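Both complexes below contain subunit A, partnered by subunit B and then by subunit C.
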Partner chain A sequence: MRRSMLFVSAQRPALLKDAYVYKPDSLLLDLEDAVAENQKDAARFSLYHALKTVDYRGVERVVRINGLDTPHWKEDIRVAVAGGADAVRISKCEKADDVRTVVRHIEQAEEEFGAEREQTLVMAALESPLGILNAYEICTACPERMIGVAIAGGDFRKSMQTRYYPGGLEMLGGRSNMLLAARAAGVQCFDTVFTNLDDMEGFRAEVEQNKQMGFDGKSLISPRQIAVVHEVFAPTQKEILEAEKIVRAWRENSALGIGVFTVDGKMIDIAFIPGAERVIMMAKASGLYRGDL
Partner chain B sequence: MRLIQTALAGTLESSDAQVMVENAGTGIELSIESDVINQYGRQIRETVLETLARLGVENARVRVIDKGALDCTLRARVECAVFRACRIEKDFPWGGVIR
Partner chain C sequence: MKNAVNREIPDELLQNGRKPFMGSGYYEGTEYRKDAPSVRVREKSFETKLLPSIREAVQKCGVKDGMTVSFHHHFREGDYIINMVMKEIVALGIRDITIAASSVGAAHDPVAEYIEQGIVTGLQTSGIRGRIGEAVSHGKLKTPAVLRSHGGRVRAVERGEVHIDVAFIGAPTSDCYGNARGVGGKSDCGVLSYAMVDAKYADKVVVITDTLVDFPNFPPSIQAVDVDWVVVVDAIGDPKKIATKAARMSQDPRDLMMAEYCARVMAATPYFRDGFSFQTGVGGASLAANRFLESMLVEKNYKIKWIIGGITKPAVDLLNKGLVEMIVDAQDFDVDSVQSIRDNPRHYEISVSQYASPGNKGAFVNKLDFVILAALDVDPDFNVHGITGSDGVLRGAPGGHPDASAGAKCTIIVTPLVRGRMATICEHVVTVTTPGECVDVVVTDYGIAVNPKRQDLLASLREAGLPLKTIEELKDEAYHIAGVPDDLEFHERVVAIMEARDGTILDVVRQIKPMKL
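On to the complex of A and B.
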C-alpha cells in the first residue's frame, strides 16, 4: 500500500535520518531535482550510509535516480542497490526501453553487490506527453519488478503549454490516460505533488479528486500533507462494514461451493472480493479495523 | 589513497559536518571544531580516523567542523571529501572501502 510517498532530498542528512518518523507509506529519497548538480556525489554518500544505518521502521525506501539523459543515473542505480533500497524511481520515463535499460543496470548491480535477484523494484515517473502515450508499454515492460507509474505535474504541464489551475482540468487527459494504462497493466498509479503548502484546502480537494479517479496514492513534498492523504484515502465505517460482510459471506459460501450469493439484498460474486479485501487492508492501515479478517 | 587536490564536503547546517582534506607531508593532522566537543570530541575523532584508515589515506591535513552530525553522516562527508580529493567520480566501491 502506497498512499503517501514523501520526497526527501538525499543532500540533507537531517531529513534522511528523520523523515520516517512522519510515517509516510514510502520515502522518495531524491538524487535528482532536489540535489544540486555539483553535490550529486555527496548526496550518494549520505544516501548509502542512511540506507545502511537508519532503521526506517518498515517505511518503504524508494530512490529517485537522475534521468537517463544525464551522466548520473548509472552511479545512482549502483548506490541504491548497494544500499539495499526497496525500489528505484525512474525520472522522465518516456518508453518501455527506458525501463528495460534501468532494469538491466539494476541486475548488474545486484550481481556486483551480491544482492538478492529482483530485490530492487522499479517505478516510473511520466513527465511528458510521450511518456503518457506510452504508459501501457512502460507499465508492462518489466512485470516482475514494476510497482507502478507516477505522473509528474510540473514538467507535464509545461510540455502541454499550460499551468496549474484549481480543479485540475489541465491534468485530466494525462491523469486519465495513465490511470487506464496502469489499471490495464495491473500496476499502481500515483498522482503528482501539490506544491502550494499554504493552500491546504486546495490540497485536500486535489487528494479527494485523486481518490475519486482511482489513484493509489500521491507524491508529497511536506510531512504536513501526509495526514490529509491518509484521512481522505481511509474508507468510511459504512464501507468497512460492507466489505467485512462481503468477505465473510464469500468465505462461507465458497466453502460450500456457492459462487453467487446476496449480502443485504445485493448480488455478490467473485468480482466484488478484491475491492472488499482492499477496503479491509486500507482500514487496517488507517487503524480503523481491528477485526480478524 | 593519495590525495591529489584539496577538497571539501558537507555543510554547516544542523546535523551535518563540513570536512576539508588536503595532502600533507607525513601522517594525519586532524583538527575538529564542534559545539559538543566535550561530550563527543573523542567519538568524532575516532570516526574520522577510522574512515581515513579504511580508505587507506595515510598523509592528510583534515579539518572537521561538526554541527551535530551522526556517525554515518560524518563518515559520508569524510569519504566524499577524500574521493573528491582523489578526483574519483564514478564506480565508487560501495560496500567495499565505503561501508
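On to the complex of A and C.
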C-alpha cells in the first residue's frame, strides 16, 4: 500500500532523521532536485547514515536517484543499496532500457555490498511525453523488481507546453495513459505532487480526482498533505462492511469447495476477493477497521 | 528533606514555618487574614498627584535601604520602567533593594549590573531571562531569588509573604490622580492585570505614564484611590516590543501534527461539550491547536464559553467568529489582543488574583476545563520543567503554567520529543516548576502519554484511536534518538527557590558550575 509517498530532501538531516513520525506509507528520500549540485556528496553521506542507523518503523524508504544523464546516478545507487533502501526511484525515465540499466547497477551494488539479491525494488518517474508513450514497456521491463510508475507533473506540463490548471485537464492524457499501462502491467501507479501548500482545497480536489481515476497514491511535498490523502483514500463504512462480508463469505464457502455464491443478493466469485481484501487493508491502515480479518 | 515531588530541599530553607511541597491542595480550606498596605489620608481638596520626575517620586515615597519595590511585565521586552526607576534608586545611593516583579527579561539587562554591585540583593519574579538570569545562576545575587507562578506571586502578596514597599506601575494612560488604564496611549498593552494586585497591597504606589489624559480616566485598571503619585515621562516602553505583530500560525508540520493531537485529545474527553472553557500557552503547537479546534467546534456546533490567560490573535479570531462567548484577559501578547480588549465588549480585563491566585476564594483557573501548555522537559512522574536552559542557567518563566495546570480538569503538555539534540522526556528534569500530579496528558510528535492517575482519560483516548504510549516508552524513545545527556554540574549553593503556588518549596536551583569544553 502506497497511498502517500512523501519527498524528503536527503540534504536536511532534521527531516531525514525521523520523517516517519508523520506516518506516510513511503518516504521518497531525494538525492535529485532537492539537493544542490555541489551538495550531492554530503547528501549521500547523510542519507547513507540515516538508512543505516534510523529505524523507520516500517515506513518504506525509496531513494530518488539523479537522472541517467547526470554524473551522479551510479553513486546514488551504490549508496541506496549499501544503506539498505527498499527501492530506487528512477528520475526522467523514458524507455525500458533505462530501467534495465538501473537494475543492472543495482545488481552490481547488491553483489558489492553483499546485499540480498532483489532486495532493492525500483519504480520509475515518467516526466516526458516519450516516457508516457513507453509506459507499458517501462512497467514490464523488470517484473521482479518493479513497484510501479509515477507521473512527474512539472516537467511533463512543460514539455506539453502547458501549465497547472485546476481540474487537471492538461494532465488527463498523461495520467490516463500511464494508468492504463500500469494496470495492464499489474504494477502500481502514482500521481504527481501538488505544490501549492496554501491551497489545501485544490489539493483535496486533486486527490479526490486521483482516487476516482484509479491511482494507488500520490507523491507529496509536505507532511501536511498526508492526512488528506489518507482520508480521501480511506474506504467508506459501507464499502468496509461489504468487503468484510465478501471476505468472510469467501473463506466459509471456499472451505466447503464452493466457488460462486451470493452476498446480499450479489453474485460473488474469486474475482471480487482481491478488491475486497484491499478495502479491508486500506480500512485497517486508516484506523477504520478493528475486526479480526 | 525530600518533598512530594522527590526533590531534595535543604533544611536551612525550611524555617519560619516554610514547608517543602506537600502535594497540591495541601492548604485547601485554610483561612488567613490578608496583608494590608499602609494608606495616607488625603481628605482635603487638591488638584494633582503629578510629580516632575521619577527621582522625586522615589524620594517622596521614602525609598530606603532594604526596601522591596515592585514592577509588572505587561510591557514585556519593550519595558523601560524597571531600568528608569532602578537608575534613580541607584543614583540616590540606596542599597539592598529587593525587586518583586511579575517577570524580568533581557529588557532589564542593566539590573544585572546592580546585582553584581550588591545594590539589588533580592529578586522575586515569575519569569527570569537575559543577563539577570545569568547573574543569578552564577551566584551573584546575595539572597536566593524566589520564583513563583503568576498566581503564586499574588498569593504571596495577599498573604504578606512579600510586602511591597513601593509599586512602580507603568501605565499606557493615566490622569493626574492616578486612574490608569492598559488601553490607549502610545504604549498600549491592553490590560494591567499584574499591577492591579500590587496597587492594592503596596504601601506606596507610583503610576508612571507617557500619556496623561483628562480626569477621570475611566474605567480604570488601577484606581486613583490606591495611587500616591503620578509621573509623566517621554516613553514608558517600546510599542513595537510591547504589542508585537501577531505570530504567524505555525506552518511547521511537526507543530501542526502535535496541535492536531492536542485538539483530538480534547475532543476525546468528556469535557469537550458545548460551553467548555479553555486556555493555551503561546508556543507554536499550543497556538496552532486553535486552528484544529475551530473546525471541531463548527462540526459539533459547540461554542467555548470563555477563554482565559495570556491572549493572542487565535483566541481573538475565535471570539470574532462567534465561537467563543467571552475572553477574560490577564495579559495581551499581540496587537490583535490589545485591539480586541479596546473594541470588543465581550473581552474583559481581570486581575491576576482573579485569574490564578490559590490564595483567594476561587480563581478562574479553578473552573478551567482545558489548558494546553509547553514544557522544556518532562520526567516519568509527569513533573514539568520550564525555567532553566539545558545549560542550567535561568532563562524561563513558570508564568501561569502551574496555576492553570492545577486548576484545569484536563491539562495537556505539548512538546516535541527531542528539541535540538536534547531529550525532552527524560529521567530527571532540571527543575520542577509544575508538579506532575497536575499534568494529565503529554503530547509529543512520537505519541501521547496519559498520566496513569487518569485512567478515565486513558480509556477515552484509547477509544478515540489516538497514538498512545507510556511516558517511559517516550523517554526511552527520546534517549534512543538523542542519547542520555551528561548531568549538569552545580555547586551546592542555592541561587533560587522555586515555590509551589501554595508557597511551599517545590524545588531549588543551584549555582551553575562554569561550563568546560
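We adopt the following convention: the second predicted complex is superposed on the first by the 293 of 293 C-alpha atoms of A that agree within 3 Å, B and C clash if a C-alpha of one lies under 4 Å from a C-alpha of the other, contacts with A are read in each partner's own complex, and residues count from 1 in each chain.
Here is the rule we use: a contact is a pair of C-beta atoms (placed from the backbone, for glycine too) under 8 Å apart; a residue touches a chain by one contact, two chains touch by 3 or more.
Since the structure is predicted, the reported quantities are computational estimates derived from the model, not experimental observations.
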- Task: Once the structures are superposed on A, label A:Y22 by its partner contacts, choosing first (subunit B), second (subunit C), both or neither.
- Result: second
- Contacts of A:R100 with subunit B and subunit C, given as first, second, both or neither: neither
- Message: After the superposition on A, what does A:R117 contact: first (subunit B), second (subunit C), both or neither?
- Response: neither
- Partner chain(s) touched by A:R251 [first = subunit B, second = subunit C, both, neither]: neither
- Does subunit B (first) or subunit C (second) touch A:H49, or do both, or does neither? first
- Message: Taking the superposition on A as described, I'd like to know which of subunit B and subunit C A:D41 touches: first, second, both or neither.
- Response: first
- Which holds for A:R163: it touches subunit B only (first), subunit C only (second), both, or neither? neither
- Message: Counting residues of subunit A touched by each partner, does subunit B or subunit C come out ahead?
- Response: B
- Query: Touch check for A:K266: first (subunit B), second (subunit C), both, or neither?
  - Reply: neither
- Note on the structure: Contacts of subunit A common to subunit B and subunit C in the A-superposed view 17
- Touching subunit B in the complex, subunit A uses residues 12-14, 17, 41-42, 44-46, 48-50, 52-54, 74-75, 78-79, 82-83, 113
- Message: Residue numbers of subunit B touching subunit A in their complex, please.
- Response: 9-10, 13-16, 69-73, 75-77, 79-80, 83-84, 89-92, 94-95, 98-99
- Task: Name, in rising order, each residue of subunit C that touches subunit A in their complex.
- Result: 251, 253-254, 256-257, 260, 445-446, 465, 481
- In the complex of these two chains, what residues of subunit A are touching subunit C? 17-18, 21-22, 197, 222-224, 227, 287
